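Look at the two complexes coming up: chain A is in both, with chain B in one and chain C in the other.
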Partner chain A sequence: MTATSDGGQLRPGLWHTVNERYPGSMITKSDTVPLARLRRPLAESRLSFVSTAGVQPTGTLPFDVVHPVGDYSFRRVPSGAAPADLEIHQLKYPTDGAHRDLNVIFPIERLQELAREGVVGGLTDNFFSFIGYNMDPDLLERTLAEELAQAVADEQADLALLSPA
Partner chain B sequence: MSLSHLRAAVTAGDDETLIRYVRLHVGDGDEAAGRREIDKAWIEALTVLLDMPVVDRAFVLDTLGTRDRATLAHLFFSLHFHLVQESGEWIHDGDL
Partner chain C sequence: MSVTVARDVTERVKPPRAVFVPFRMGHHFGVPFHSKGQRLVITAALDLISGATHSGQILDLPMRWAELRREGVDIERRTAG
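Here is the complex of A and B:
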């Protein structure tokens, strides 16, 4: 197992070889949607969180990490959950650190603190998680991205924090 | 490799591209590691059977005979990762 973040890049040179090893896997888009502006002050805004960390409530159907083309589903993670209520199913990043403190990859307790302290107006009832190893960018955009965006909107989020794993 | 790249390889009969992708997938982007992982899974499967333990062949035959090809193909990948995990030598960064 790869060492954790005790020092340096985990796999030196990896990023230089991504295109060689996975040609065509990088998503490029010619059309962009501008970021929406906040409609109200942060302290009055309801925050959601979207992560590719593969975090999910314990006991729910694990993300499909063995499928060669990926898993295009997402999980709802109750924003009030404790780290002990959650687990990680993901092969493609080192999870040792996250198992010691989930907040390093899925900062649920930090976001709960921001809500308690009034930095943000509140949290959506659910946060969202999926896995980032998906080899079909068109399917990703058509299904996962659209469904996830709708789910976030349905939670009446004013803003969303997006975090890759 | 994107899905379109793999589909083009299927159309062209480019098996080397396809098996290379499998090696990269099971080796977390390292083709040489992927070769070793594939070998490891087969060695684990063989080792488990050497002493002729009782196996549930009815389950195996029922599964092969009643499940669709996609489910069986997924099972093949699932068994690979399951067997390498059972071997005790886990090279992957994360968890199943």
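Here is the complex of A and C:
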């Protein structure tokens, strides 16, 4: 077992807490992947955003938040969308802040600002979202993770910001 | 590049780069209407893209939830006024 630290997190021991409730659902990797470097300066790079917040355009098929083993699909979220055009379908994290200001978990307006100001070269046409309630990590890697990685690559992203909710 | 509020989970998943913020779940970029704080988390993550020294690095951001929350309340009061 790898020793880990909570480092001041507000909800300590989260990995063990979830793994006790849903045995086998939590991922542990034995090693890291090689560190990739940017191919061009940040100000010329196209940024994508991937979130498990369950954010999706209003009116699209809602995530199945009550399926016993989870929902292994993802949604495209236009990077130019306004928060008012988006909604959240997810039950497993506190959404009180997000319902007042979506940027606390899906910072679409902050990312749009960084692109307008030239801090990053641009945004992929779409961002991506799925739900974190997926109880089969092997199925997650074989399906959702592979399909999502390909979708991000297809948008010609140079880098991606990931945010588990 | 990941932004995490669960350092123990991130240490096990081992993304290439991560920034840790001691915030509530569902509030990885801070509190409502605190644009400056939300932006700070993102730019710290972007800085680590080129600044990371090794894969698996987790950068602890020197931000405090209680302080950010107080600032957020002040921002809302000013905006409402």
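Basically, the second predicted complex is superposed on the first by the 145 of 165 C-alpha atoms of A that agree within 3 Å, B and C clash if a C-alpha of one lies under 4 Å from a C-alpha of the other, contacts with A are read in each partner's own complex, and residues count from 1 in each chain.
Definition applied: a contact is a pair of C-beta atoms (placed from the backbone, for glycine too) under 8 Å apart; a residue touches a chain by one contact, two chains touch by 3 or more.
This one's a predicted model, so the numbers in the text were calculated from it and none came from an experiment.
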| item | value |
| --- | --- |
| Touching partner for A:P107 - first (chain B), second (chain C), both, neither | second |
| Touching partner for A:G80 - first (chain B), second (chain C), both, neither | neither |
| Touched partner set for A:P34, first chain B, second chain C, both or neither | second |
| Contacts of A:P164 with chain B and chain C, given as first, second, both or neither | second |
| First (chain B), second (chain C), both or neither touched by A:P94 | both |
| Partner chain in contact with A:V66 - chain B first, chain C second, else both or neither | first |
| Partner chain in contact with A:D136 - chain B first, chain C second, else both or neither | first |
| Touched partner set for A:L42, first chain B, second chain C, both or neither | second |
| In the superposition, chain B vs chain C on chain A residues touched | C |
| Contact residues common to both interfaces of chain A (with chain B and with chain C) | 2, 10, 14, 93-95 |
| Residues of chain C that touch chain A when the two form their complex | 1-9, 11-17, 20, 22-33, 35, 38-39, 41-43, 45-46, 49-50, 52, 54-56, 58, 60, 65 |
| In the complex, chain A residues that touch chain B | 1-2, 10, 14, 17-18, 21-25, 54, 62, 64-69, 88-95, 135-139 |
| Touching residues on chain B, where the partner in the complex is chain A | 1-6, 21-22, 24-25, 28-29, 31, 74, 77-78, 80-81, 90-96 |
| Parts of chain A lying in touch with chain C, wherever the complex brings them together | 2, 4-16, 26-29, 31-38, 42, 47, 53, 93-98, 100-101, 103-105, 107, 109-111, 113-114, 119-120, 159-165 |
